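Same chain, two partners: chain A is paired with chain B first, then with chain C.
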Partner chain A sequence: MAIFSVYVVNKAGGLIYQLDSYAPRAEAEKTFSYPLDLLLKLHDERVLVAFGQRDGIRVGHAVLAINGMDVNGKYTADGKEVLEYLGNSANYPVSIRFGRPRLTSNEKLMLASMFHSLFAIGSQLSPEQGSSGIEMLETDTFKLHCFQTLTGIKFVVLADPRQAGIDSLLRKIYEIYSDFALKNPFYSLEMPIRFIAGALCLHTNPLLQET
Partner chain B sequence: MTVHNLYLFDRNGVCLHYSEWHRKKQAGIPKEEEYKLMYGMLFSIRSFVSKMSPLDMKDGFLSFQTSRYKLHYYETPTGIKVVMNTDLGVGPIRDVLHHIYSALYVELVVKNPLCPLGQTVQSELFRSRLDSYIRSLPFFSARAG
Partner chain C sequence: MSRQASRGTESKKMSSELFTLTYGALVTQLCKDYENDEDVNKQLDKMGYNIGVRLIEDFLARSNVGRCHDFRETADVIAKVAFKMYLGITPSITNWSPAGDEFSLILENNPLVDFVELPDNHSSLIYSNLLCGVLRGALEMVQMAVEARFVQDTLKGDGVTEIRMRFIRRIEDNLPAGEE
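Take a look at the complex of A and B:
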């Protein structure tokens, strides 16, 4: 998928709509024997690899599943603590799946607000007159495009760095937003868009598949 | 095509060097605060990017652009950050920023026993060499454009 996700941020910086459409991230599943040669640590309610990068398991990857069963934050599917379970040699050999942690909806909210502020700082630190905020942010794995409307709503799209035509996609998403959200008499402005999630999905998915 | 300004930060957020060539608008805050704001913004962008990225990153955040300028970023493994603001016509200049670090900062400041590290660079040699290097770049035009 060339488009990874779409975020719509209101003028106060709150996330009002979010859509993810990337394929599952790279994951590695391996069988380990006691003692574990990776150093794990608890961070933000997840168990992450702190040291011991090898074979596709990188620092920062989270424990996604143990013995085929998905872990629930820092607890296994049975309710035991992951770190305790992996510290006990009686449980070995064990098969653990590692991968990039998925963002929780809380984290998405925080990241959207963070971007809202960064957008404004980008405009303030400009060496030129009349600059807008951050319109395009480039990294080696993705490119973030942002379109801010005259009313302060930001449409943010994360895409593959080589993907073209995102500007017209952003305008199209704005058009869909104004047709389905703004023209809906039951929708309160600046509030999270839930009711039209279906309609928006339906319309953006063909767009995402075209691009 | 032109270069507006250049910042050099160390891993603790100390602004080691700042120079400007064509800057039309000041930030409206004292220079010290501007350096802190710039460093804070870059720190937040790095953290934002590492969380948002769908795949494991190698080089990390490279650049961002607004409607009027483009900010290019290069960070070394030791935490030295080279930040250059140019106008929109400039493409990827990671090698230029790397050259500023390796051939100018390391050679003239780090290897100089009289230059204390961790503070603003006072070396006049560094300042003048950096200035002449920037002016020699193909995308730098002497008239503000």
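Take a look at the complex of A and C:
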């Protein structure tokens, strides 16, 4: 899939809609025996690999599941601390799944507000009067495209760097927003869009396939 | 495949009679609910405002017009693009005030009032007041505070329907980035 995510940010900078459509992430599950040859550390409520990269398990990957059960932050599904559990030789052999940690919804909210501020800074830094905000942000793995409507709503799409036609996709998403969110009498403006996840998904997926 | 995907968001045509009759039923019900014409006018304006704040996004999404930088441009876009898109008519713009902050929209035929007659006991009812609310709400979302009111109405015996629009001020708070 060439489009990775869609974000819709309201006038105040709050995230009101988010859709991810990543390809399956690189995950690796392995069985280990005591002692663990990876160095794990606790960071931001998650257990990450600090050193000891091998076989598809990279530095920065988080512990996603132990023995098939998903971990909850730094605690296992049973409520024990992951680092303690893995320090105890009695629990081995153990099968651990590592993978790139997903962004939680709180993190997405924070990143959206940060982007909203950076967008405003972008237009203020401009030497020309009346410049737009950030329209595109490019990295080696993705390109972020942003479209701000005249009413202040921002539509942000993260896509493959080689993907073309994102501008028309952004306008199409604007049309879908006006059709499904605004014409819903129970939707209050500027609030998170919950109901149309299904509709937007159905509509954007064919669009994403097209582009 | 692509045609199917775009069909869902193309503007759908609808019967104008259905629209007119639905609006008529709405106003009739409001008159029954509120008894007094002033309240009905206020309610129509409020409903129009709520419609306008949402309609503006639909309009901007479909019409691709850029930001208007003065009131004359705004008047042109309202008359030639917006009214055409939503009501199928093109009102004319006249009677500009010397300061350029007031103008009149003259509607030769107002689609909302086909088949409508105002009875004598509702002489102060502004039947199409919803339109004033819509204009006010829509422009408020693009940072313009305006006042819209009817000065002539075919239902009351005048030859044409005239809406007078006055620019009050530009709304400076909550400007989208880059618009200062």
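Rule of thumb we're sticking to: the second predicted complex is superposed on the first by the 208 of 211 C-alpha atoms of A that agree within 3 Å, B and C clash if a C-alpha of one lies under 4 Å from a C-alpha of the other, contacts with A are read in each partner's own complex, and residues count from 1 in each chain.
We take it that a residue touches a chain if its C-beta (ideal position, glycine included) is under 8 Å from a C-beta of that chain, and two chains touch if they have at least 3 such contacts.
Because the structure is predicted, anything quoted here is derived from the model rather than measured.
J.: Once chain A from each complex is brought into register, does chain C clash with chain B or fit beside it?
T.: Fit.
J.: Classify the contacts of A:S132 with the two partner chains as first (chain B alone), second (chain C alone), both, or neither.
T.: both
J.: Quick one: classify A:T141 as touching chain B (first), chain C (second), both or neither.
T.: first
J.: So in the superposed three-chain picture, is A:L150 touching just chain B, just chain C, both, or none of them (first/second/both/neither)?
T.: Touch status of A:L150: second partner only.
J.: Contact-wise, after the overlay, does A:D179 reach chain B, chain C, both or neither (first, second, both, neither)?
T.: Only chain C; A:D179 stays clear of chain B.
J.: Check whether A:L189 is in contact with chain B, with chain C, with both or with neither, and answer first, second, both or neither.
T.: It touches chain C, and chain B stays clear.
J.: Applying the document's definition of touch, where does A:S123 land relative to chain B and chain C: first, second, both, or neither?
T.: Both partners, chain B and chain C.
J.: Using centres of C-alpha atoms, tell me the angle at chain A that chain B and chain C span after the overlay, to the nearest 10°.
T.: It is 90 degrees after superposition, to the nearest 10.
J.: Which of the two partners, first being chain B and second being chain C, lies in contact with A:R58: first, second, both, or neither?
T.: After superposing on A, A:R58 lies in contact with chain B but is clear of chain C.
J.: Check whether A:F115 is in contact with chain B, with chain C, with both or with neither, and answer first, second, both or neither.
T.: first
J.: Rounded to the nearest angstrom, what is the minimum C-alpha distance from chain B to chain C in the superposition?
T.: 11
J.: Which parts of chain A are touched by chain B and by chain C alike?
T.: After superposing on chain A, chain A residues 122-124, 130-133 contact both chain B and chain C.
J.: Inside the complex, what are the residues of chain A that reach chain B?
T.: Spelled out, the residues of chain A in touch with chain B are 4-5, 22, 25-26, 58, 60, 100, 103, 107, 111, 114-115, 117-118, 121-142, 144, 158.
J.: Note which residues of chain B are touching chain A in the complex, please.
T.: Going by the criterion above, the answer is residues 4-5, 20, 22-25, 27-28, 34, 37-38, 41, 44-45, 48-69, 71, 85, 87.
J.: Over in the complex, which chain C residues touch chain A? Could you list them?
T.: 1-2, 4-6, 8-9, 53-58, 60-62, 64, 66-67, 141-142, 174-179
J.: With touch defined as at the start, can you tell me which chain A residues reach chain C in the complex?
T.: Spelled out, the residues of chain A in touch with chain C are 11-12, 119-120, 122-124, 130-133, 148-153, 171-172, 174-179, 182-183, 189, 203, 206-207, 209-210.
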